[in-house]
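Have a look at these structures, which come just after this line.
Below, subunit A partners subunit B and then partners subunit C, in two separate complexes.
Moving on to the complex of A and B:
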């Protein structure tokens, strides 16, 4: 199976906004408090830039950001 | 309220008047005042059975929940003061805070207790009966270390960042806390019909208004789940679901809601009062809020943890784009003065240091040396808390915030001493020099960047992980930068912090020659 480049980009973006945290595909970003209000908004901006996608305010929801895999699944609904 | 009023009295009298009304709403349950009162009594009885007495310090360490609020009330009812510790912070920092605080007892939920097992395996935990076991058990431990001397009238100790690297324990008495609660109740007209929205953690001072303003009048306090708080849509949804009427949060929360949740703001229509503080409020955010909620009362409040809120300004309607929103005028019971370097009062309109005294002011810090450094005596012989904030009085007689006289910053509403970050960077032997700087950010007030020098990049790879194990999340630098050729210096040979701050503000920081981002 081809490597999921979007998922790799998501993991890289999460690592960038949460320096020092160990991030793998299924790291619980909310439960482990890796994502807070600042890193979340930085992450949204970074994903928008890196993946040329627009994320609406109403789409910034816990279910979409639970883990890198959840972000990947959400981005798939946006055609990524 | 007369001197001698205790925060602990409010719950009992309110439960007698409003026993059936909702007291605490969390993501799972709603407790009535009768239930909250009963659980607090269980906690109180258990603590007294373990020897806790008036004036003792008792740590609360656990997730924010209805049970946590009951535990706090139970600690107060036992006569002790509560010391809330960040449940999401690194265990090493909790241990540092508790080690310096020397409490009589620790009360924790199961998750916090497990953390303590890693840093203090000798602590012996026993179940603490709450009569509310369905919410999960609470645990209590009595440290071996001798507890500190009892502090008369102790209500709570909140910890803030300290410039020397050690957190400062701010001691408030029932008198200073009650003075602030009295003002809140009166100014906001709180009643038993209000629902006060809480999104701050319990170790953060807005919760004093949330918890004890509610308990004073029989209002409900609605605890936003930590998992919802970072998401504008979930945040607004929670406020809407609980029917929040009063909201008090740090300014950056408002900014973040207006910038990434503008279309969601009408969902807050049940709000009648919004109170923000802790950071500079901009007209654009004020106007966005009023556009969505034209009838809301908006108060800009000012006051470090040490003084509680001591000035406020009510913003009446939309503001011109270039308006400076004042921090306003002094509260009844508080006194302020604006002075120059010789501690003499400056003329109105001139910038000076803001000094505070009065009924809302802290007793001091836990550490007497920190207390001695924080207070000054004006030429008339009176003692004042030196806030470190620079202010000036505008022509209307309202104070405006100008800046800081030291390296303390606000980031995401949290108070951060850059020196505390530098202390932990220096803890790695391979780090030769380090400087943390703040760059202004439109949403979060400031972003932190740290610059270090070392012989080899590999030597500093452990830094991000090391900081995560020692500092709370809001103090972790956004960027950690290794500088190849030494830190820039000014003509006096001192590290040029200004040049570093300018460097940190560059969008192309990562591509700048000689700099390596440490990840």
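Moving on to the complex of A and C:
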């Protein structure tokens, strides 16, 4: 199966905003408080920049950011 | 007069703005100015035409707020209107249902209703996400809100409150929900106006929510979507809440120039002394750089680009320069700075307030640092 480059980019972005945390595809980001209110905003900005998407505030829902896989699924709905 | 189908750069808007300036320069009474400004279309400038607004954009709205403050000399009123525009109207626009648009937004923009944003609590200021007001679903599908809010701009007079409450334990990222609570809702008690210095004419108040029953139709955004609503409000408020202060600085600078030219000591006008000239130049520089950054941010937002780092940077820079400006201002007047007619100490109090509302300067720095990957 071809590597999911978007998922790799998501994991890289999460690692960038949460340095030091061990991040795999299904790491619970919010439940484990790896991503907090400030780093979530940075993550959104980073994803927008890296993947050339626009994420509206109304899309910053916990379900979309639960884990790198959840973020990947959400981005798929935006055509990534 | 209404403003429609116009942008900040069109002749039609320039004409409208001149009309607003002329009205504001006549010194409208504080009790009627809100409605009169709204009747001219000020509150609907940044609302797209598809939602019943003028669709003139953020730059136009900021120019109008600046002009209103500059010509009228009022500080609290334009601040309160801006607070409604950015922290109440914007979230309703983004997250509101059709019914909420027609039920609330239209009344807010036309000035027939006043809106307030109620997030801060006594124990949750900078640490806002620790807020304790709770909302629980009852057997009939309605929400029951319990808790209290403070520092609510427009609180004493508002007709609708955008209230942030906790609907689930755990992370605030998923545990907060926003509600639109109309005045008169059973269980909503509105406290006294909070006495304060600065921002004369702005009314701040507290709220008590005691088994306050809110219909599910008045939930703004999804359950658990409160963080997104909060961030949407703050992104706009931090970028644009200080637009009126540009007008107040321009007015104060103009008057200070007049004073230093007119008053002589040791046989020379004050304006001939280097100490005075340097102060005036520094004030001019503060105003110019604050203005440039705020309008660059507004133009970018009109093109669809406004991230949190940029909003925080704008808030931090404009409030910092406003404070620098107000540090210099009294020294141009000497002892006369203490007289109300110079407005110097009132403006200084406004500048102090600007370091705290919409998040303190320390909090803006945190957000900016985070954006830098620190």
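Methods note: the second predicted complex is superposed on the first by the 80 of 80 C-alpha atoms of A that agree within 3 Å, B and C clash if a C-alpha of one lies under 4 Å from a C-alpha of the other, contacts with A are read in each partner's own complex, and residues count from 1 in each chain.
We adopt the following convention: contacts are C-beta pairs under 8 Å (C-beta built on N, C-alpha and C of every residue); 3 or more make two chains touch, one makes a residue touch a chain.
Here the structure is a predicted model, which means the values were calculated and not measured.
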Superposed partners subunit B and subunit C on subunit A - clash or fit: clash
Contacts of A:15 with subunit B and subunit C, given as first, second, both or neither: first
Partner chain(s) touched by A:62 [first = subunit B, second = subunit C, both, neither]: both
Partner chain in contact with A:30 - subunit B first, subunit C second, else both or neither: both
Which of subunit B and subunit C A:41 touches, first, second, both or neither: both
Which of subunit B and subunit C A:54 touches, first, second, both or neither: second
Doubly contacted residues of subunit A, that is, touched by subunit B and again by subunit C: 16, 30-31, 33, 35-38, 40-42, 57-58, 60-62, 65
Residues of subunit C defined as touching subunit A within the complex: 94-95, 129, 170-174, 221-222, 224-225, 227-229, 231-232, 235, 304, 307-309, 366-367, 370-371, 373
Sites on subunit A touched by subunit C in the complex: 16-17, 30-31, 33, 35-42, 45, 48, 54, 56-62, 65
Partner subunit A, residues of subunit B touching it in the complex: 88, 226-234, 252-253, 256, 260-264, 411-412, 443-444, 447, 463-468, 473-474, 476-480, 518-519
Touching residues on subunit A, where the partner in the complex is subunit B: 15-16, 19-21, 30-31, 33, 35-38, 40-42, 44, 57-58, 60-62, 65
